[in-house]
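Each of the next two complexes has subunit A plus one other chain: subunit B in the first, subunit C in the second.
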Partner chain A sequence: MMGKKKVLVVCGTGIATSTLVALAIKTEMAARGIEVETSQCKVSEVEAHCADADLIVSTTQVPAKLDKPVIVTLAFLTGIGKAGLLTKIEALLREV
Partner chain B sequence: MMGQTMLPSAAGLLLATPLLLAPAVLVFALLLGTKPAAAVRACITIAVAMLGLNLIVWLMWSNLSEAAGAIAARTGFVRDVMDLGWPSAAAMAFGSTVGLFVIPAAIGINLVLLRLELTRTLNIDIWNFWHFAFVGALVAAATENLAMGLAAMVLAILFCLLMADWTARRMQSFYGVDGVSVPHLASVQIYPIAVGVNWLIDRIPGLRAVHLQPEDLSQRLGFLADPMVLGFGIGITLSTFAYLDLADPLASLHKIALCGVIFAAAMLILPKMAQLLMEGLSPISTAAQGFAEKWTGGREINVGLDSAILIGHPSIMITSALLVPISILLSLILPGNRVVLFADLTVIPFVIAMAAPVVQGNIFRLVVIGVAMMVPGFYIAGHLSSAFTTMALEAGFTKPAEATQITSIVDGFIWPSFAFTEIATSLGWVGIVMAFIVLGAGLFWSRHRHGFKA
Partner chain C sequence: MLSSEIDSLIPLDAVLIGAAFQSADEVIRALSAKLFEIGHVRQSHAQATLAREATHPTGLALEGHFCVAIPHTDPEHVLKPSIAIATLPEAVDFRNMEEPDENLPVRLVFMLAFTDKDKQIEALQMVAGMLQSPHMLDAIVSATVASDILEIIKRQGSA
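Right, the complex of A and B next:
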């Protein structure tokens, strides 16, 4: 059993699209047996919030260079390519 | 229409909260195949979010009004329209009578236009359907005619699909987002302004050579984008002018500090409540994704998303940070301005994002375009404030005792809100029919231009 994984979800507002992404990650990872805790922030705040995150998932370009795995994707919003992305996130979370 | 049910609370605050959206979402979610337990939870979440938004709107509205009133009494500097922010506007729009129709209408119209190949955008950004409801509710409030409001809502839906198609190619190549378009009213509105201003600057010797790219400017402007700090700063500044009393320094300093905390809290809590509203709508958003996958099978379409996906571009982040102090300055010096900017100082990235592809991220031009949008925006906001306030009250929001009128940059400052309201109030049904003809022609032209492939 792994410990809780922390995923920071980033978008332009920290509210709009990131809420949908955070909900999707939580549900889908729980279904795969990974307990995930999500937090959300605006892209302008990502440097301040990323310290204890295991993975960063963003719906918009992340300008800062971060020493964490970052996935920039629209798949959670469009639904297109979502299955492949979930597999990738699962693998990343099992690694960290 | 929801009546003003009065619920006395412990604080003696009389609350009327718009709750009709909650059962409507329960029905939509069940129809779209959401599990009953999840649908019920979504319904309760929306009701709770609406209550939270009503509370926080009341907190902002009463405190801003009181401070602006005190400043006016002391200095004669009159500002009587308060910027309560887009989360408030969204809640008022979704909480209005027009708002009950917006989700089925926007999805239905979009699917029909896709079938007719008059658009190539499939808008699955359910959350931002509130903009269509906003235009409709505003027109309904201004004309006191629900049917006209619903017609304006349909016009806004058509307008955004047309603009999303028009802007898609340039937006995709600049931001690197293939297969996506942005049917977001507050964002697409800047595009024609950007095209015009850019054309003008290209013809002005000297100015046309000014080229600021993101890396030229420090990125350390970020603290202005922290809503809590910004709220505290504005609260302290406003209340110092309103309440500082050298005869009684301790009491007035206490009042000023309290105001700083209230305004910081408002800035922080307001979007959290919007997030809750958004969570409540998520079963419908998830179902809409299902449509997207089905409709993209072999067909060349763009998936319509929130402009939140564009905001991370450095040129947008820096321009927004510059436009915050510029906008505050404009609110102070523009003659005849009535607006106190507050909650929507944080959404400037959204109103300028679609200008960046036009100017290739040139920050100088983005700032000029932002100013070109904001200056008339103040007058539009003043002009629309009475309809905006009526809309809020009709949606069931609680009006504080010392109330002024209200607005928000998104969408109280933008020209489409003004245009649709003017068309409806000045020209009536004739204007509405003309607007349908113009937008319909635009959709046909756009189909011809883009050469749709089935």
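Right, the complex of A and C next:
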């Protein structure tokens, strides 16, 4: 069995859109049999928070060069491209 | 969400219909002023939201539809969780959250004034639900009185 995966969810304030994304990822990955632990931060704090993350999902451009897979997406807000995105996140989490 | 929860979250006084605005800044100032008048945000809220919009814009392009913006800022400027709404007869440019160099013609603004991420998750899901429902967005921008917008949102909430 796979261990718990850590996803860092990032947005401009770390309170609004990232909360929605964190909940959606936890729920959707649980349905696919992947246990996910999420944490949230502001984009300005991403370098300080990303050390133990397996994946970073952001609703805004992440300027820093990070040594982790990064997905920038608004699909959890707008619904556009959501199915494909979930498949991509699942694949990434199964690899790490 | 319960009808009474929606009434407290979206104050009727903070729903602006059909006002003519020239810029995103004007819309943000007007909505923040409404929330300030009823004591839901601090005076610092307008400036903080403008600053946040400048560095992290909130315009959203929706599939085959007009664009929506969701300006918001840090919780310390907020006293009571609220959503203020503006419908814009003439589109106003907001920059795109995904591509900040791009302008989007916005017809509907949801200003999200939140205090605690864990307590506002239901409100956030409600907003995401609206963004993903073209019928509802159409109904909201077509509304001619503020109370109709609340009714539309409540119907969705109970559906």
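Here, the second predicted complex is superposed on the first by the 96 of 96 C-alpha atoms of A that agree within 3 Å, B and C clash if a C-alpha of one lies under 4 Å from a C-alpha of the other, contacts with A are read in each partner's own complex, and residues count from 1 in each chain.
Keep this in mind: a residue touches a chain if its C-beta (ideal position, glycine included) is under 8 Å from a C-beta of that chain, and two chains touch if they have at least 3 such contacts.
What you see is a predicted model; the values in this text were computed from it and never measured.
Q: Taking subunit A as the common reference for superposition, should the pair subunit B and subunit C be classed as clashing or as fitting?
A: clash
Q: With both structures fitted on chain A, tell me whether subunit B or subunit C touches more of subunit A's residues.
A: Touching more residues of subunit A than the other partner does is B.
Q: Touch check for A:G79: first (subunit B), second (subunit C), both, or neither?
A: Both partners.
Q: By the touch definition at the top of the document, which applies to A:E45: first (subunit B), second (subunit C), both, or neither?
A: Only subunit B is touched by A:E45; subunit C is not.
Q: Is A:V62 touching the first partner subunit B, the second partner subunit C, both, or neither of them?
A: It touches subunit B, and subunit C stays clear.
Q: Among the options 55-63, 73-81 or 127-135, identify the stretch of subunit B whose C-alpha atoms clash with subunit C after superposing on A.
A: 127-135
Q: Intersection of subunit A residues contacting subunit B with those contacting subunit C?
A: 11-20, 23, 40, 43, 59-61, 74, 77-80
Q: Quick check: in the complex, which residue numbers of subunit A touch subunit B?
A: Touching subunit B: residues 10-20, 23-24, 40, 42-45, 58-63, 74, 77-80, 82 of subunit A.
Q: Residues of subunit A touching subunit C in their complex?
A: Checking each residue of subunit A against subunit C gives 11-20, 23, 40, 43, 59-61, 72, 74, 76-80.
Q: Can you check the complex and tell me which residues of subunit C touch subunit A?
A: Interface residues on the subunit C side: 52, 55-56, 58, 60-63, 70, 72-75, 97-98, 100, 112, 114, 117-118, 120-121, 124-125, 128, 131-132.
Q: Note which residues of subunit B are touching subunit A in the complex, please.
A: Going through subunit B, the ones touching subunit A are 124-125, 127-128, 175-177, 179-180, 219, 222, 225-226, 271-272, 274-275, 278-279, 282, 285-286, 289-290, 292-293, 296, 303, 305-314, 317, 347, 349-350, 353.
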